[in-house]
Amino acid sequence: GGGSLGNAEGDDGATGSTDTVTVGLAVPQSGVYAGLGEDMTQGFELYLEQADNKLSGYDIEVVSADTGEGPQTAIPAVSRLIQQEQADVVTGIVSSATALGLRDTFVQAEIPLIIANAGADDITAEPSPYIWRTSYTNSEVSGAIGKHVAEEVGDGSVYLIAADYAAGQEHVNGFKEQFEAAGGKVAGETFTPFGSTSDWQPYLSKIRSSGASAVFAFYAGSEAANFVQQYSTFGLAEEAQLYGNGFIVEGDVLQAQGEAALGIQTSLNYSPTIDSEVNNKFVEAYVAAYDEVPTVYAMQSYDAAAAIEAALEAADSVDGPGIAAALSEVGEFENSPRGSWSFNENHDPDQNYYLREVQEVDGKLSNVVLREIQD
Amino acid sequence: MSATNTLSGLTADQPGTTKLFNTGAPRPAFRLFVAVVILLILVALPFFLAPYPLSLAGRALAFGLLVVSVDLLTGVMGMPSLGQVAYFGAGAYTAGLVGIHLSSSGLVQLLIGTLAGAALALLTGAVAVRTAGIVFLMITLAIGELAHIGVDSLSVVGASNGLAGIPPVSVLPGGEPLTVPGYLYWWVLAVFVIGFCAAVILNRSPLGRSMRGVRDGELRLRALGQNTYSVKLIAYTIAGGVAGAAGTAWVAQTQFISPGDLGFDMAAFALLSVVLGGAGSLWGPVIGAGLVIFVRDWLGGYIEGRGTLLLGVVFVIAVYVLPRGVAGIKGRSLRRKSSDS
Amino acid sequence: MNAHQLLEVEDLAAGYAGSRVLDGVSLTVGSGEAVALLGRNGAGKTTLIETVMGMVTAMDGHVRIDGKDVTAKPPHVVSQAGVGIVPQGRRVFAPLTVEENLEIALRKRSGDWTIERVYDLMPRLRERRTNLGSQLSGGEQQMLAIGRALLGSPKLMLLDEPSDGLAPKVVEQVGEIILDLTDTGMAILIVEQNLHLAFTVSDRLAIMRKGEIVHESSVVDFRRDEQLAHSLLGVG
Amino acid sequence: MLAWFDANTATILNGLALGAVLFLIAVGLSLVFGTMDVLNLAHGAVSLMGAYVGVAMYGAAPTTGMFFLAMAIAAAVGFAAGGVLATMVSPVRNHLRQALLTLGMALIVAELLQEVFGPEVRSVPVPEFLSSTVSLMGNPYPVYRLAMVAAGIVVAVVLYIVLERTRAGAIVRATVADRAMVEAIGIRTKVVLALVFGGGAALAAVGGLLAAPILGAQPGLDDQILLLALVIVVIGGLGSLRGALLGALVVGQVQTIGVSVVNEFASFLLFAALAAVLLFRPQGLLPARKGAHV
Amino acid sequence: MTTTDTSILDIRDLTLSFGSLTAVDRVTLRVDEGARHALIGPNGAGKSTLFGVLAGRLRATSGQIFFNGQDVTALSEAERARNGLVRTFQHSSLFLGMSVLDNVGLAVERSTSQPKRPWPSRRRDRAVTDAAMTHLESVGLLSRPSALCGALSHGERRQVEVAMVLACEPRMVLFDEPTAGMSVAETNRFAEIVESLPRKVTVVVVEHDLDIVFRLAERVSVLAAGKLIADGTPEEIRTNDAVQEAYLGTSSNEALFGAAS
């Protein structure tokens, strides 16, 4: 019903009854990132189930949208959540391009967006009351391991390799900054075509001839799987220790890599092996519900639900501006599986990072936490 | 005949029966009437559609204009192209950049975007139109992909993250920005109508007839003394301009453009929309474009993650149910009528 | 005339999407008999030939080959029932060599015709055996099309303007070939614009106009009546 | 120069291996196009089916028997898929509508595969008896990739003999030129079509299976494979067996040596190579032989 | 009679080889302006190939072609056509997806070398239509101007082919077996058309229908195995032994009708 000639959108958005809050869940359900989308959906739903589908007394109606592989499919899907389904708050969003493309839309529509994965630095570079993030920024998550690598390689040098797209650049630059600040030397740097590289042998040859004693790599998804396998097949694993941020060995990718992944060290804001009471309970419940170990994607989405609950708690009015305003007052999240965190002034999480290593535990590969990384 | 069949590669063998001569056109008054009715319906959409479906309609129109440009090459000239996304992208990115840095006027953006599309088409077309059939298809694929990869690694336009922060368009320089969805839609519709009319005029012109001559027998056309290279290049440039105009409309609607918008998917869906609608007819492919957007973005939104599956099913069914595309439906009934008289 | 009918066409109707070209055509050709099918351009001769062959689908009526009903059957069934065709426009396989064109048409079980025999009949083909079909002159293509049809050792041959594009000398040869073939008991239905050839080889003729057969008689009778010929064919 | 070769032997060899497996996949596409005049856009999807056969059948590194069984099954699955596609495509004569049909099928198949095998990337292990490495210039090089080169050579030789030297091959080529006329000389073209299509698809599936240990198996791979195969077939010359072979070798080297030499332009290389070849030889490097009459 | 001044086409030592096969072998020939010239010869003699070279579709291996006093050997097919040298095709090559009228329309328009207008103009298009209709009328196809060429019978297509050549308003036409596939009535009509062409149009025709050859031609050249073996008046050719041997066979010219016993 209704036309589209009203003055501003959203003001006729009387959201039905006041005790129901509509949450838009925008995750990929098709395409290459569908696996991430599934994890995020599960994390979010687990939180709701544990809260009996009521957050701070409000009934929660979840409307999901398939964002597909990129902004082409994501933008109409998310527009639907805002305009058609009249979501009060939206979470999800895997791809940075999608987040950047939709940023203005959310600000104009005055609907808060809680990003539960996309990591581009630019999304929150200029904070908006409507844009929040429970995940990380690319440069931070990669920078976290910089100092550790510099210490490990000592006089040796490190080769940097990453997929050639915006995120790959941010990850590499983030790492390089921290690494060089800690006195590390870079042996060389290569960006490989994103989405169309399947054979890394030429690059591996280059790495070998550069004489690097370690490698920092940023890949995710299938590229991560193929890269790590070929890294081992061509014998580099024995010559140069492989570092990265967590995504190179996260989720399903790790099982696909198999033994080739053993020994890879990564930094991330989460690992299911974190030994805390909150996390153990989370992992247990997650395994019981879905018969698999939670991933960082599931955790970030779980925490997005937590953020929504906290905001509803603090909100004066349950609509876009109300929830957005409340989000800046939520304070510390003490009960997160990743450990305690809070939103910083950019609306990104102020959180701990962990140094993890791929080890075999009870016959299964797992990212075992070596230690918390201190700045 | 058999020999040419194998050599011609991809060609449309179900050309539309667009009449060139006013004398031969069946009931021009009736056609005009139908066109006016459809236009009125399109104009009236904002009065009863909510903002979201209306934004889809806007996207469908912009995409539809891209499809028209593909159809000019594929259906009218018999040269199936996957490269129009490059000129679409040229139009969209220039319009976006103009919007951010120069002027939020839609007219200015339309003008510059169209020129950008046409200019790029002229440059690349000079090479591409020397080929035909599947080789042309692959050259244009290469053009589209190179453009895609190009913007993907060009940081001034946001590289893979896309170009964000484009302000809403106004019609005239310094005018009121069109933030109301209905007004924005009308702007997109206006661009579409301009582009579509240009295509119709081209199709009925002597150049249009020569384009169909290229489709049905380029060698023969040359034997008649026509310079087919210039026919093809001019047509290619005009189609590039139409695609550029479509790009400006797209950016006006979405206020965002990313490399994926000129990716292989977009190129393939544009070409398939032409086939779905009936290559050679101009209005059929527009409906095909609408169908693709509707199925993927609208229906797909309701059945989670099955948009592409559904699209696949639609394609397969259409091949059998609509052997001449959407345009064939009307063509058939018209033919029956004219044979009665 | 032979009582044994190899081709029986009965009340046949056929055409193309939207238009009916043939309407109620009936025709028979007996074993050892050659029938000429004449008519002006667009009369429907090719359509009739192709409908018999199954290349155009019959809408109504019947086609029987040697007593077997093949109405609306696909061409390979009709071919296997013993029909060979030299189509209008020759339609030799352009990307195949002359020899390959003949090889694939050779039906193994029949001993009658061999590639060598075809070459003996048309030596020009032997000279150009390694040329591609697309590289042959028009006349050479016509010879190849005839040779190809013969290698199926058909009982009934459908010839659609076999003299089209042939030099007079070759037309004469073709005429002799056809006469030889009828002598062996083959039935022949021939569409021709070259009346010399048509009259030389055939016993009977049928004349089509606008999808119907408007006249049938023996060739001898027809040639006596110049008036009739003029009104039907515009000659005389 | 010699030193350069020494340093890059592994890369060149790798280009050969990649070329060989790409040839296996692309030749089916070329065959079906060249012989049936159908551009089968579901080719990548069929190839992905082959890869998933590996996923379904192999646990850890498969035994020799298991490996060959998987090949047979992939071939059978591919053949069946090709047969189905052939039947569906046979009443559709227009190239563009064939594209619509086969791409529609590709979307459906890909979606169903994702339904069954999940959206995540699945890796496929190298068979046990080929899992060792040999030493090449002092560095380890996987035997499996050498085996792929061998497989490519065998398939190329067999196909050449069948297509160019047998009556069956001639029938196939004639069917492209004029299907109705082939029918008219008594040959069931539907069967020919199904066999060729099935054969091409079987090769694609086996190629997908053999490539799986390198490319993996996951949604979206079908598009990549299809694009690569298209580029190869066009670079080499449509419908030509030798063309597919040469095209695959060129693309193999472009993807290895090329990207390592001009790394900054790695992502442009494939399509730049395509454009360059087509500019100078629009008919491809080794087009199918044909001749047009005056 | 054949002086350089009056000849519109002057072929010198023209040769074209396909690999080892010399399809046109050192042909030297002059055609006078306004001539009615026939070219005959056995199948595969090289007649169509010669036409191909003259029209510019094929490139001569050696030799020269002068048209209207100008060396056109290096000109493209389109340029020669614009100069007024037009051919028909042995295998008809029409624009099958376009209407009969549009086919002829394309030919009417051929004379301009400037790029085509991308917008229609009622007045000028009307002129094109009228011209096209006139030519259709002269070949007897007036009844179906809007039929698609793809839906015409073989013979009907040959008629369109002729209409298209006429529409080009050529100075010289090369007809390659124009009456092949035409019925007797249509063949007659074709002969009448040629006879009614203004004398400034030069006609060269390749034909196997000798009735047509002897009815139309004032001069006949005979090509065999790529070489010109005879050249003369129809009477001379008819009685030439070499021609009999290579081409005519025993072809008796008995009357078709009334002669049956």
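Lettered A, B, C, D and E in written order, each chain numbered from 1.
The criterion applied here is as follows: a residue touches a chain if its C-beta (ideal position, glycine included) is under 8 Å from a C-beta of that chain, and two chains touch if they have at least 3 such contacts.
Here the structure is a predicted model, which is why all the values come from computation and not from measurement.
**Q** Would you pick out the chains that touch chain B and also touch chain C?
**A** Touching chain B as well as chain C, we find D, E.
**Q** Taking each chain's centre as the mean of its CA atoms, which one is most distant from chain E?
**A** A
**Q** Would you kindly say which chain has the C-alpha centre located farthest from the C-alpha centre of chain B?
**A** Comparing chain centres, C lies farthest from chain B.
**Q** Taking the mean of the CA coordinates per chain, how far is chain A from chain B in Å?
**A** Taking the average C-alpha coordinate of chain A and of chain B, the gap between them is 37 Å.
**Q** Please tell me the distance, in whole Å, between the geometric centres of chain A and chain E computed from their C-alpha atoms.
**A** 75
**Q** Express in whole angstrom the distance between the two chain centres, defined as the mean CA positions of chain C and chain E.
**A** Once rounded, the distance between the two centres reads 28 Å.
**Q** What's the distance between the Cα centroids of chain B and chain D, rounded to whole Å?
**A** The answer is 32 Å.
**Q** If a residue has to touch 2 or more other chains to count, which residues of chain B qualify?
**A** In chain B, the residues touching two or more other chains are 1-3, 6, 12-13, 149, 152-153, 306, 308.
**Q** Give the residues of chain E touching no fewer than two other chains, as numbers and ranges.
**A** Counting only residues that touch two or more other chains, chain E contributes 48, 57, 90-91.
**Q** Touching two or more other chains, which residues of chain A qualify?
**A** 30, 34, 37, 69, 164, 193-194
**Q** Which of the residues in chain D come into contact with chain A in the complex?
**A** 7-8, 10-11, 14, 18, 111, 114, 118-123, 125, 133, 139-142, 214-216, 218-221, 224, 255-257, 259-260, 263, 266-267, 270
**Q** In their complex, what parts of chain B are in touch with chain D?
**A** 2-7, 9-14, 74, 80, 127, 130-131, 134-135, 138-139, 141-143, 145-146, 149-150, 152-153, 264, 268, 271-272, 274-276, 279, 306, 308-309, 311-316, 318-320, 323
**Q** For the complex, which residues does chain D have touching chain B?
**A** My answer: residues 33, 37, 39, 88, 91-97, 99-101, 103-108, 110-112, 176-178, 181, 223, 227, 230-231, 234, 238, 267-268, 271-272, 274-275, 278-279, 282-284, 290, 292-293.
**Q** Spell out the residues on chain A that touch chain D in their complex, using ranges where they run on.
**A** 30-35, 37-38, 69, 164, 190-199, 201-203, 205-206, 208-209, 221-222, 225-226, 229-230, 233-235, 251-253, 256-258
**Q** Mind listing the chain E positions that touch chain B in their complex?
**A** 55, 57, 76-82, 86-87, 89, 91, 93-99, 101-102, 105-107, 109-111, 113, 115-120, 122, 125-126, 128-129, 145-146, 148, 164, 168
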